[in-house]
Each structure stands twice: as C-alpha cells, then as structure tokens.
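Two complexes are shown next, each including chain A; its partner changes from chain B in the first to chain C in the second.
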Partner chain A sequence: MTAKRLRVIALLAISMIFLLAWAFPIIWSVLNSLKTDSDVLAYPPKLFFSPTLEAYRDVLLGSGSILPNLLSSVIISVGTTVVTMLMAVPAAYALARLRFRGKKFAGFYVLATQMLPPVGIIIPYFLVLRNIGWIDTYQGIILIYLSFSLPFAIWLLVSYFEDIPFEMEEAAYLDGASRLKTLWRIIIPQVRGGIAVTVVFVFLNAWNEFLFAVVLSGNTVRPVTVAMFNFVSVEQTLWAKLAAVSVLAMLPVVVLGVVAQKHIVKGLTVGAVKGGGRR
Partner chain B sequence: MSGQGQVSFRNIVKMHGEFAALKGVNFEIKPGEFFALLGPSGSGKSTTLRILAGLDAPTAGRVLIDDKDVTSTDARDRDIAMVFQSYALYPHMTVAENIAFPLEMAKLPKAQIAPAVKDAARKVKIDHLLDRRPGQLSGGQQQRCALARAIVRKARLFLLDEPLSNLDAKLRLETRAELKKLQRSLGVTAVYVTHDQEEAMTLADRMAVFMSGEIQQVGTPAEVFARPNSVDIAGFIGNPPMNLVPARYVNGDVIIAGHRLKTATTMAGERDVVVGLRPGALRMVEGGLGARVDLIEDLGDTAVLDLDCAGTMIRMRVADGNIPGEGDTISITARPQDIHLFDPTTRMRL
Partner chain C sequence: MTSIKPTRRTLLKTGTAAAALATFGPGILRHASAQDVDLSPYKSAQIDWQQVSGETITVAVIPASYFENLITLAPQFKALTGIDVRFEKIPPAQIRQKSVIDLTSKTGTYATHAADPMYYALYAANKWVEPLDTYLNDKSLTDQAWFKLDDIIPAWRSANGIGGKLYGMPYDGEVTIQVYRKDLYDAKGLKPADTLEAYMSNAAALNTPNDRVWGAALRGVAGAGQNMYIYPSIFREFGGDWMKGGKLTVNGPEAEAALAWYVDIMKKYAPTAAANWNWPDIADAFSQGTVASYIDAHSSASVVNNPEKSKVIGKVAYARWPKGPSGKRTTSIWNWGFPINSALPEKKRKATWLFIQWAASAETQARTAHRFAGPTKRSGVNRTSVWRDPDYIKLMNGFGENFVEATMGALQDDTDVDWRPRVPQWPAIGDTMATAIQSALSGQATIKAALDDAQRRIEPMMRG
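Now for the complex of A and B:
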C-alpha cells in the first residue's frame, strides 16, 4: 500500500514538473499582460502588483490596434480550413477507396510534399506570388497554406476512411444510394471525429504560421503572428503589450480546443474498439 | 417495384489477374425459389453472389434477371436486397433509420416510410428496439435489423451472404427456421451463400455446389445427397461425410480390403474406382467386411464409429442400443444401391 502510494506521489510530482514547464510561458504571458511596462522590467520580479488592463486597451483600441490583424488571421485560418476540407475529404475518400491508375504515386506524392523543408521553398513561393501579383493578398497566403495543409489533411483523413468497412458502402449501394449520397449519408457521419481533428489541426497550423506569413504578407494582409512584432523594435520591446497580444492570439486556439475536445479524444481513439459501435 | 426474381447465369468467368475465381458458371434460379450456393471457402460462391448483386463485374459471361441482361447494370439499379455476413449496419443511425434508409433512397413519401419500417421490424421481432443504435444491440438483434433492412423494400431478389455464421449455435438453429418461414411468407426469391452443408440442406429448395471456381452439381438437397456428382461433393455433403475408399471394381462387384461387395452397377470389366459409402448406409451383418472398432463418438441417439478395415478407415453411424464396444471386431456391409462409384482420375461419378 505504501509502495503504491509512493508511486502515485512520484508520478504526480513528475506530472507537475511537466505541467509547469508547459504552462510557465502561458502563466508568464498572462501575468505580464496585466502589468505596466515598468512592473514588467522590475527586478527582482514583483510577485504582487496591481493588475491593469492598460496593455489590452492599448493593443485593441490604441493607435497600433491589432484588431485588423486578428481579423486577418481569422480570414486566413478559416479560409485555409474551409478550402482544405472541401478538397481533402473527397481526395482522402478517393485514396482510401477507389482503384485508379497512379494511386500509389499519388499517395506518395501527398506525403513527399510534407518532407520539403519550408525554408527551401519560401523564395520560389515568393517569386511565384510576386509574378502573379498575389503578394500581400488573402488568396496568395491561403494558396500557399493549402500547399502544406492539404497533403497533411488528406494523409490524416485517409486512415479514418480506411477504417470504414467496404461492406457498409456496398450495403448503401444496394439500398439504392449513389456514390455521392453514400459518401454524404453513410461515410462522412462516421468519420466526423476524424474531420473534427483535421479541422482543428489545419486551423491551428494556419493560425500559428509565422514564417510564410512574414515573407508573403504586407500592410494589407498582416496576421496577428506577424503584427506582434510591431511591439519589438531595435530600441525596446514592449513586453506588456506583446504579452497581451499573445494572450489574445491564444484565445481562439483555447476555445477551439475546448469545443472540439470531445471529438478530438474520440477521433484519436478511433479503431480502438472493434466492430461498428457508437462513435 | 417487385419483380419475378428469376435469375440466369450464362458462362460467367471471373479472373483475378491470372487466377480464375469462376471458370464459366451456369445456373438458373426460378422465381420464389430458395437457392443456396454451397461450397468450401475460396470455391467462388461469394464471388458469384457479388456478381449477381452487381458489386463485382464478371470478366466474361452474362447475368440475366427476369430475362433482362443486367451484366453492366449498377448495383443500385438492380432492385436487389442483401444481408451481409458482417450485417453492415450503419452505426450512426438508429435501427429505425437503418431500416428506413432503402425506402428513403427510393424517395418514398415520409408518411409511407414509418409504417413500412414498423412492419418490417415486426416481422423479424425487433419492433421494440427501433430507437436503439446497432452498437447497443446483441449479435442476434443486429442480424434481425439487417434482415429487416433487406425485406422492407420488397426487392425482387433477396441475397444472403453467410448471414448466420456470426451467431452462436443455438441462435443459428432458431434463426435458420425463422429465415425459411420468412422467405416463404414473403414469397421472394432468395439466394443464400453458405459453407455449411447442413444450412444449405435444411434451407434450400435447390442448391448449387461450388468446387474451385466451378459448379459441380445443381439439384435439390435430397438429390445432391443421394447422388453426389463427384468425389469432392461426396466428401463435402453429409455429416459425417461419405467414406471414400480406393477399391477395385470387377464385373459389378467392388473389392474393399479383400472383401467383395455387390454394387448396383452392371458394367463389365475391371478397373480402379473410389467407392463412396454413407456412414448411415452401413449395416452390421454376419460374414461382411471385417472391421475393428477404433473409437466411438456417442451423440446420444446415434453413435459414430471409427472402424479400421485392414488399414482402411471407415466411419459408420449406428443407432443407440446397437453400439459395440471399443476394440470389438464387427462385420459390416452396405446395400448395392448405397454404394457410390467414382472415377479416381476424373473424380466424377461413374
């Protein structure tokens, strides 16, 4: 009994260390976003300070408001997610189900695009977009984001589609359903967990992306990840405002995570139980 | 909607690369018939069913339903209902929604769907489970749900792919009887795939016996049992299956382990044969073929004896009260009409 208790305590302690390491930057950001700039730089750091929403007021309503940038991020992320899913769901279904010439190659190609280092393709992307006049446009950034979110989404979704038994689809055909109707009524409802997981990942990748955004965006389209750097200059870093923007940028991610948590957990355990049980 | 349900297979060939899954299959199914496709696994019976359903296309040959060539017709346009071995229920729908699905696809008005679903569910006794999902049903209930989904539409053909194989033994026997009654009451043509000869024997009006991609015999269960066409069928039908013993044929007699048995054949001459003897057709007599009882499997009302006839193993079924002891020596014989003769090279009936 004591040995067991010791084990539990040891496990708890280790978990706490990991949790702290993970949570520290978030706690740090939240705390600093509530301080004044002088409080942020106080040494030794003040444990007790009078919290203020000044930083939030400034970054939201001040002259350098990041509201347009948040909107940019939303447009880019939602746009990328919607277009990705519209293309990835049928593509993944085709890769999982249909027999066609070059299927193996198509499957490999989808994965191969994931192996390119992003830094290596950023300059060609820049040149291409500049030549067609799409630098600093939503369609330009979304197009580039598609180039890596689409293969990722397809690759993730294929395994979910493969989990659906062939016979179920055949039963639907014999019941008089067309292929599209079968996909819509029989297959997609069963992979909705996988679709939710994919939506979350694609959205988060687009929301968090920085490298391509900083090169391909400009003054019109400027997502929040890039805009944050307004608060970092050669002379000084406005820590409180930077922290406030980080917290604001984190919010949608957290909300999405909480909302989709049920689906994510279910999605990750797909196939754990044999048979056509409830999902 | 409901047609006659007559089926005709004309020279159907199915190749999987170099491998011939079906080597020219021909048969006819009459309207309203319960027709079984029987054979060991890999014999082509399921491929035949899938081609009939339109889920696979034949490499060559034609499929006719009600005298109409449907070889290249889509599965969904063939008006065929099917029960899969895995049931293939839609797990995200309730039982009622599962059963209603074919009617919805047929664009039946909503007002007609509900009563039809109720009716089909009542026929298979699951009308109290309509709000459940397949995951909340037992194996037997899932099977009934699949049946209800198949019968709700009143399709002209009713296909069943080993529908009982996932049920436990007791439930299988009950469902088997109900299935037969259901098919009779609906009057629909049923095509039933099974590897279980007992299922085929009890359910089917007629059956086709498949062996390695070919139909070796078509007939009523009684015909196939009484006159198997080949050594393979003889060894497949019946429980325990027919004894198949290499022997010498001499002018109407066969010589097994040095003992002469009279046959019903009158052909003259001498040749090697395979003799088929049903375990139940063997009798104990004085001065017959000598045999030592090696093992007794008592089944209650009957017993199966493993006999050693001078090195040849023969199984015999005897009635209760007539069972010798293990190690006893007995003497057996069979009536001439119960002795089946097969050619050892072609393996066909002589």
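Now for the complex of A and C:
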C-alpha cells in the first residue's frame, strides 16, 4: 500500500516538473502581458506587480490594432477547415472503401506535397498565385493551405473509416440505402470523433501557420502570426504588447483545445494501434 | 430654473456622435492637415511633381519609427504629386526574402522597398533594380540644384553604389558608436576607450557581476545582421581585408586576432546571455543598468533614453569606436535605401522616383525628424545639412553627452565602404560567418578552426 502510494507521489512529482516546464512560457507570457514595459524588464522579475490592461488596450484599440489580423486568421482558418473537410471526408472514404484503378498510387501521392520542405515550394506557390492574381487574397492563402491540410486530413480520416466494420454498411445496403445515403447516415456518425480530431488539427495548423503567410500575404490579408512579428522591431522589442498579442492569439486555440481535448487524445493514439501504418 | 435632464434618447445620440467623432475624427483631422500643409518648399523644385498623377505604387518598409513618420506624411506626398502610395510593413528578416522573391519573379509588386545595402551587389548583378543616375540626370524628373545629392551622407551613397553607380537612395541610417555609463566611468576615473585594448581594460575594471553590472556587451546572436554586423568593424580595425589579393578571405592572422578579441570580451565581461542577444536586448539591459558600456548603433540612444523603461537617463554618454591595432576606427555603414524595381512599367518607375526624391529630400528629412509633430523623432537622417541644423543638434543632444559629436565624427571619418564584403554572394557568406563567429564564442570550435572552416565553405560559393 505504501509502496503504491510512494509510486503515485513520485509519478505526480515528475508530471508536475514536466507540466511546469511546458506551462512556464505560457504563464510567463500571461504575466508579461499584464505588466508595463518597465516592469517587464525589472530584475529580479516581479511576481507581484500592479497588473494593467494597457498592453491589451494598445494592441486591440491602438493605432496598430491587431483586430483586423485576428479576423484574417479566423477567415483563413475557418475557410481552410471547411473546404478541407468537405473534400477530405469523401476522399478518405473512397480510399478506405472503394476499389478503383490506381488506388494504391493515389494513397501515396496524396502525401506527395508533405514530402517537400515547405521552404522549397514557397517560390513556386508565390509565382502561381501571382499569375492568377491571388497574392494577398483569402482564396489564395486558403488554396495554398489546402495543399498541406488536405493530404493530412485525408490520411488521418482514412484510418477512422477503415475501423468501421464493413458489415454495418452491408446491413444498410440490404435495407435498400444508396452508397451516399449510407455514408451520410451510417458511416459519418460513426467517425464523428475522427472528424472532430481532424477539424481541430487542420484548424490549428492553419491558425499557427507563419512561413507561407508571411510571403503570400500583404496588407489586405495579414494573419495574426505575421502581424505579431511587427512588435519585434529593429528598434526595440515591445515585450508587453508582444505578450498580449500572443495571449490573444492563443485564446481560440486553447478554447478549441479544451473543448476537443477528449477527441485530440484519441486522435493521437489511434494510429498507434491500427490504421495509419497499414498502407 | 430649467435643469437639463438627459433622456435616454439624447444620451444615446450624444454617445453615438462622440463615438463617430472618436472613430473618424483623427482621420478628418489628418486629412485637414494634409490640405493645410505648406508644400512650397517642394514646389520650388523646377520639376512637374504632378507628371504621373493618378499612379499607385506599393512600398515595403520595416516596422520602425523612422518609416512610421514617413507614412504619416504620405498624404502630403499625395497632395504634391497625385500619386497614391500604399505602404506594407514587413519585419526586417522577411523583407529581404519577400523583396528578393518579388525581384526574381519580376512581378513588380513593390515599386521600392527598404533595402539592405549588402544586397545591391546581388540586385545590380541581376539588373533587378535601376541605376539611379538615369533619373538623377533627367531634368524633367530631378532638379539637381534643389535635391542636392552631394548633401546626402557620402559613406551611405558609396555603400549603396556598385561600380560607381548609385542603386539605392539612402533614407535613414546609423553608425556604431560606444555608449557608456558616464557615472560608472567617472566613479572609477575611467575615460571612454580610445583603443580596443583600453575598451577591454575598461570593461574589466567595471565588471562586477555580483552587483549585477557587467563590463560590456556586443551583439552575440548569430546572423548576418547580428554578430556579423559588429564583427566586421573589429576585423577591419585589426587590419583585416576581405578581398586579399582579389580573393574573398575570412581567415588568417588578422581575422584570428579580431575574433579572439571579440570572444575574449564577450566571455569575460559580458553577461552570459549576451551570446544570444541582438541589439534591442543589449539596449534593454543597458537601460536597466546592468551593462556599463556597449558598442552598437547610435539609434539605440532613443531606447536607453526612453523614460518609460530606462533607469539610466542622464547617465549616458557617447564616444566613437575605439581604434584597433591598425590605427583605424571602423563604424558600420548601415542605411535603409530605396531602389527602383526594374520590372515596373515606365510611368510607375517615374512615380517611384518622385517618391524617392521626396522621401530623401532635405525638406522631408527635416519634417520626419526634429520638425515631426509626433513623439518619436528620427535620429538617422540622411543629410549633412540636417545634421548641422541647430534645431536638430539641440534635439539630439538630449540623448546625452557627446552624442552629436560622436555620431558626426563617425559618419565623417570612421566609415569604410569595405566594412563588409560587397559581393552578390553576401547573403550566404554573411550566414556562414555568423555561424563561425558563434561557434567560436560558444567554444564549439577554436578560433582558427572556426575561421578556416568558414573559408572552406565560402570558397565554393565564390566560384559558383
């Protein structure tokens, strides 16, 4: 009994250490976002200070307000997620269930864009968008984001579809349901969890993306990840404001994470047991 | 006897009006100021400012107060020329990448951009940007007597020139100088260093980590614009020559002595974290009183004098670079210049030139510096005449003792066009050297090994 309790305490202590290491940057950002610039630089670091919302007021309502950037991020992330899911669900189902020529290759080539280092494809993407006049537009950025979110989503969803026993579909067919109806009524409700996980991952990737956004965006479309960088100027780093923007940019991610936590954890482990590695 | 009782409706009305005024008021006011502003100093130029009225150009700048001030004045430019300027603010690290992509693909997205002087060799070799003499010598586009090119700081012009031709018009720049705590120096009876040796011994005398004061700090973080911004001055002061016998050389005895000095002062007398610092971090530390001296851009004076953050206001003084064993002082010759993108159609190129002429003119330089209405005045104006303007000097001397003298002295006598190797391969060379300097500082490689390795990596780049 005591041995068991000791083990629990030891495990708890170890987890606390890790938790602290991971949570520290976040706690630090939150604290800094509530300080004045002079408190940020104070040594020893002040744990007790009179908190101020000045940094938040500045970044939200000041001259360099990031509200339009947050809106940009929302449009890009939601747009990417919706389009991705509309295409990924049927594609993943097809790869999991249908037999068609070139299926094996299709499964492989879906991943092709994931095999190139992103830096290597920025310039071609830039040129393509430039030629069709889509630089600095939402459709342009969403199109580029699809090139990596779609394969990822398909790949993730296939393993969920494969988990569903074929007999369930057969039963539906016997009752006279068409394939589409079966997909909609029988299959999709079964992979709700998988869809939720995929939505979360696709959204997070789009929300946090920086590399493509910085090159392909401009004044009209400028997500918060890019705008945030302007607080690190050549003259000085505006720590308090930078922290405030970070916290604001983190919020939707954290909220989404908490809401979808149950599904995320399952999503991370699903490939470990079966599915993902099968092909 | 009648008292005014606001009804809910009037309250709402007033509130809405107030909100509308708060929202649109500043815009209306700005607009008004653009109308009222005196454009006659520009109109005395013998050119037709309105010749390409109606054009729109996009200008990429970095987020920095000296460009913010210019952006604020853009309505005046519009009133003068009828040209619309859209500004896009891009962080320094990305502006190089984005402008190079734009130039290579000849898309003409940015009519001009805040350009790094080290990139002109690459730009000119590929004919991506226009030689500016074409525009300067065109009487319909430039009134030379009004523009006075010679007034623009010569070192910056040569930094932005390749083969005797100017490719980027300097807008704002900086020199590196010594910034030191006069109170700490006085307490120990020290003088600002005249030689690198003396700088080292001053740092030793003031280094008291137990009291949280370190002797000195220099940029430590790896990067072409970070440690490779400060090291080239030391290299040149030790007698180094990037183009020894026509071949790009980064190793050898002078380089080893220079790097040894840098590693020595950083390891012994700088805060340990400085190995990862860029200049804003150095200025932050100095403003908190933890660093007794640093050598960096003169523009950092505004940070160490920022009343919201700094604890050392009134205790700061300045001096030129200490001399190296070669007897030379070598400052940086950094400036942000404006080139003209060759991919533009002719009318837009003209519009771009009018913008550049306007931005670099003495009048606009003064209007964005000491005559600027906002709180942040520029300290890196591009013209000798402005630097000699008593109003400007008065403003700059507010930064502390000897600020104008040190900066002007450095600008006139300590600049060196060959401060860094000006070759098209610079971006890759700068990164390679930055890594070498850092590996020597962190002790991963000996000084000689780090430099020899850099030389081995650089040679094939120069052949390619």
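The working rule: the second predicted complex is superposed on the first by the 259 of 279 C-alpha atoms of A that agree within 3 Å, B and C clash if a C-alpha of one lies under 4 Å from a C-alpha of the other, contacts with A are read in each partner's own complex, and residues count from 1 in each chain.
Just so it is clear, a contact is a pair of C-beta atoms (placed from the backbone, for glycine too) under 8 Å apart; a residue touches a chain by one contact, two chains touch by 3 or more.
Bear in mind that the values here come from a model prediction, so they are computed numbers and not experimental data.
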First, second, both or neither for A:Leu174, with chain B first and chain C second: first
Touched partner set for A:Ile186, first chain B, second chain C, both or neither: first
First (chain B), second (chain C), both or neither touched by A:Thr2: neither
First, second, both or neither for A:Pro165, with chain B first and chain C second: first
First, second, both or neither for A:Ser50, with chain B first and chain C second: neither
Touching residues on chain C, where the partner in the complex is chain A: 62-65, 86-92, 94, 97-98, 101, 104-105, 107, 109, 212, 280-281, 283-284, 287-288, 290, 299, 302-303, 306, 308-309
Chain B to chain A touching residues, read off their complex: 53-55, 74-76, 78, 80-82, 84-86, 88-92, 101-102, 105-106, 133-136, 149, 153
Interfacial residue positions of chain A with respect to chain B in the complex: 165, 167-168, 170-178, 181, 185-186, 189-190, 275-279
Parts of chain A lying in touch with chain C, wherever the complex brings them together: 36-38, 41-43, 122-123, 126-127, 130, 135, 214-215, 218-219, 229-230, 232-237
